[in-house]
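So, here's a batch of structures to check.
In the two complexes that follow, chain A is the common piece, with chain B as its partner first and chain C second.
Moving on to the complex of A and B:
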């Protein structure tokens, strides 16, 4: 293990920019923490989960699919692998889920063109919002930055992570993590029990349509829930015409929008706001559990924070449990 | 942000070029396109599968393959003009090229069909995917017992594949019945008039030796399935081909989900017992 003082973080990350495309949380002039280059400002590792979906570094809002010129398909150029620091341990669970989603069945080469060879650094310890404690990931990443309130303890897990950490001069004490690990072990998230209970009720079809209609009355179709969710992977496809080529791209889509499933025939399996709201929650808590063996909400908290009308997934799950248990 | 795509890595979303060999009018809104892959490789499909038809500037759309893999050197796509891509396709002429990805999706289990009586039931555009299977039955007739083709459309003008229907009706290989919902004065039509499910009760069905395949618009499924159940058909012997909006064809875009199922990869061909308990499937 190594240690880095906060003031040395920017220099540390810049040291890898020849080898990697480095992404770290940086404070914008508007006061928001976003993934950016360490050249754009000092890393703001502390502050908890980023407001935007962190998995966007691998599955961006808009992404090129193919480019077609007069001579046929044009090929993308090579780029450096990514080194991304700033995933919370819960974000890592989301990343693991979509890694599997994009890998199984047909392997999504667009996603893996960025994901392959990428280094992931988690952030935990006393690095949450207002200095709150974030339990440690325990290793589902290449390395982890654990803030003990004064310095960052850098814990490498993978071989590439160890090579990164080896460039840090200052060793940490052998027992530097002991108290932090003990504190992590004592953390219990009550929301986990809530969504598990809601999932069970959904799988047992205990939630009637009238409930979804009532929740849908609050939905203003802003789509914020989908746009911030690290495990939302739905996309639409658009072609952009230029004088010398056509660019086909994919862009995030939202199951809360009326046209999401509307077919060319006009038939719309999600033709009501109630059905669409049900789909948003049911997909995460029931359908994905049936298909993938696990709920695809990892309680990152983004949709509940983003929803202006209070119908994020934990809020709705709480309503389900209160009314139908 | 640039991407690192190795040339050796399989490029899932890259279409392959296909040339249009011929174009024929099926109805005022539907055309039949025969195509071949320009590298002369076979499409490699099985009856029931679909391709993603790609036209630069107009994105992609899922289209069922309407010809049997037993008929080599080409493949057919029957396309209704229903949006910008299909309208552009309708402007294409022989010699033009388009992009093809696939074939994708599940197919009819031809091994399970061997020796069985087949009821091949379709309505409207549903005949397009079923035509692939019907042609396969024509070409491999000895593999199956009785084969009944039952087709319905709104009116005589809306009937797809009129030449094929005439051939199938005159063929000793098939029992072929055609119905339309209504006719108007001046229509020249020799089939029955009425809704398609009404053609099922008179059929002689041996449930344990029969497989029914149903392809059509959503309202048709419920009525046809009800009639098949009255004949004693088990859900495991009734196959459906479901239509959903499939943007990618490979289970990633999320637009064709039916609860936990992805129509593009788990389907489009499903056994009824796979989907009858799944909300929104039929």
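Moving on to the complex of A and C:
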């Protein structure tokens, strides 16, 4: 079994910065945990999901699409491949979902220009908020950092993951990992049951419009719930004309905005706050379930944390289950 | 990818976030979970605050008007032109023939320096900023009653209040992250009273929604106070120990029976009594107010009533209480604190006080400083229109769109012999200028902003300004140097803050070193002082709180047969002021991209006007064409228009009538008529 003690993590990640653009959760001077270079601060793998969605490393809030100058297309030079540590196992499920989404049909080259060849490392074990236990991912990544309360056990899954782990000598027997795996198997997720139940009620059309209107009273259209959600992928596009070039960029959009679906005629199929609030939840719990065969909320916890009035997806699902089951 | 922890450039709530940059390009924001105001959230403007920064319309070089055209010049030439122009106007028409307009969007350090430039280098107290248009009534009214014209309590107090009374503030749209706290308070069971003619979002969460007539606030508040006194619900102990002037005041509200108040407000007597009883019964009650209170010809009287109401019930100086004017711009509190005001130095030290002047004279190299207070912004515009004021230096304001009676403002600005505008975009006002100085925006400079709860927070530079643009403080220092004054050289903005602290008792303990993460709330009087979340705890800033009797006056212009509608103006959630930043932000502009008027469907039916079509709205001052938005948010007889849109400028219609004490214009009531376009 390969382990890294917490004090050596920074050095460990820095060791890969020649080969990769390494992004890990680090602690800022303001005490926030953010995805950054290991040079930027002490690693902060523990503490649960980061406030920002990890998939932003592949598709930042605003991103260049093309830039055209007098001599034609201007290309950005390609960077080193990414090595991103800090996905929770639930974040991995989100990543899998959007990988498929961005690949199927129209393939999003900009997304895959960063995603392809990227090394993904999950974080689990006793690494949740306030030391809570995060069940292990089971392998949907290149490697996993599992905290047993004292050291980080490094578990490689893919070939590239094994090459990373190869730099660490085997220093202990596998018992600790086996125990953590067993503990993972016994974890029950109440929130999963809640959104499953809410999903069923939505699919059966048991939730009336007036419910959505009343939830929407508390929505200030901040767009935060969408912008922090790893499975929200909608974006808008803008063109800016500079004296020497035209730049097209795209930025995260939000279905909570009235203009999101407004047609040129002025007609809007999501023309009321209630309909937009309904869409945010319905899309994840019902529409995606019909289209992709699964709910597209993997309970990463971000929208409930970011919503200033407490109407994230779990909170609303709870209301639905309480009122309509 | 770099992260810079900095302050939101929009509203006075003062959220902080990380700006994300890739090289010299901003690529997003990340909220802060630890920041005491943001708590992991932002509003839509905050989430998009990075977006206008790299816009191709940014000003990149100084411009000077030659043969009628604005042409690029060097900084040296532009600054020389500014100084010679201002000096020449002063030489011909006197020291006070020029005006400096500072900016609630600029930092504390920059406001302080422009104040210093006006007073020390150009020898005039003619300096003011847009607080004149928003909370000048608060500064006058609360200084008189409490001794300090700022929000008494902190945003965190919302979590502790038993009752929240919101009057004249559309909080979820204008101070969104304060609005959400109020929604959360209502959800946890705090009582919420909303007094606003429009059905704003908070009204949907309110226990009582009072839709009183525009401009009838004095009647409503007097009626409530009459009920409290006549039913013996006042807080005797507080009145006796902490206040003065009670009896004269009590006498003055005696006539305001709820029935009489009802006849002025259009409410029922029961609504008024009920609100009064609820407010008086609360263990701790907070009042929030904003432009709906201040922007009237009786704005100061409105503020006095609010202060009287809070004192009457002992709702001052404790957690979860207070009189809480929500300051609009991210640094309008700081602009006032820094003395960008015609009668006050930084920290509200009076220009008229010789000992104050002596202190500043000593610190600034000995020259005598002017003793008579200068012109408020609104009176300066009037003076220009009359031909009595000939030069203006405007930093980061766009009065052609933001000030009342656009035709009047245009005539005033065009009559100037010299107009200098320092800004980040070529605004409508800048297009009229003789000299345009390109400035860095919030993401391109260091300094500090003071939010509505008096929290001084650090602004940090994330990217370089475009082209030759410079931070406002660097430009001001450049003007001073070009004018031959060498007492304005600073290595950085923390050096400016050190000077502010040395001259300003309420900021005496402030230094940039002490500001990371949560900043400090003033008064902060020495280097160990932890800051002051709640004012007036043991005593009011002036000693005893002063009850001030108020007499009801109607708005200056009321509807009549020719102009039968009340027009009230304001802002929307998605745009900011004159739109120079938000209209260059893709998502915000997409949300609202055309000038509109809100109209009650009943009125529309009577006039044969449909929703979404064009209508002509006119007043005695002007006429504009805008799109209609039919909604029950406004009652019949009332129209609402935001002032963000140059192509349908609400301020072409507004009335340049001023409060006699604060000189704030009556943006909230003017008489208009409306018809279908075409």
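Points to keep in mind about this one:
We adopt the following convention: the second predicted complex is superposed on the first by the 322 of 325 C-alpha atoms of A that agree within 3 Å, B and C clash if a C-alpha of one lies under 4 Å from a C-alpha of the other, contacts with A are read in each partner's own complex, and residues count from 1 in each chain.
Basically, a contact is a pair of C-beta atoms (placed from the backbone, for glycine too) under 8 Å apart; a residue touches a chain by one contact, two chains touch by 3 or more.
What you see is a predicted model; the values in this text were computed from it and never measured.
Once chain A is used to superpose the two complexes, chain B occupies space next to chain C without a clash.
Using the contact criterion defined above for the overlaid structures, shared-chain residue A:36 touches chain C, although it does not reach chain B.
Vertex at the C-alpha centre of chain A, arms toward the centres of chain B and chain C: the angle is 80 degrees, rounded to a multiple of 10. In the superposed model, A:218 makes contact with chain C only, not with chain B.
By the touch criterion stated above, A:208 is placed in contact with neither chain B nor chain C. In the overlay built on the shared chain, the residue A:60 is in contact with chain B and with chain C. After overlaying the two complexes on the shared chain, residue contacts for A:114 are found with chain B alone; chain C is out of touch. By the touch criterion defined above, A:288 reaches chain B but does not reach chain C.
By the touch criterion defined above, A:253 lies against chain B and chain C together after alignment on the C-alpha atoms of chain A. Shared-chain residue A:106: touches chain B; no touch with chain C.
When the two structures are aligned on the shared chain, A:131 is found in touch with neither chain B nor chain C.
Set against each other, chain B and chain C differ in how many residues of chain A they touch, and the higher count belongs to B. Shortest separation of chain B and chain C in the overlay equals 6 Å (C-alpha atoms, whole Å). Common to the chain B-facing and chain C-facing surfaces of chain A are residues 60, 236, 238, 241, 253.
On the side of chain A, the complex with chain C involves touching residues 28-32, 34, 36-37, 40, 51-52, 56, 60-63, 217-218, 220-224, 227, 236, 238, 240-243, 251-254, 257-259, 266, 305-310.
Across the complex, chain A meets chain B through its residues 21, 60, 64-66, 68, 72-73, 75-81, 101-102, 105-110, 112-114, 116-117, 233-239, 241, 246, 248, 250, 253, 255, 260-265, 267, 269, 275, 279, 282-283, 286-288, 290-291. Per the touch definition, chain B reaches chain A in the complex via residues 1-5, 7, 9-15, 17, 56-61, 80, 82-83, 86, 217-218, 243-245, 247-248, 250-261, 265, 280.
Interface residues of chain C facing chain A in the complex, by the touch rule stated above, are 1, 3, 5, 18, 20, 22, 26-35, 39-44, 46-47, 50-51, 54-56, 172-173, 176-177, 179-181, 183-184, 187, 201, 204-205, 516-517, 573, 586-587, 590-591, 612.
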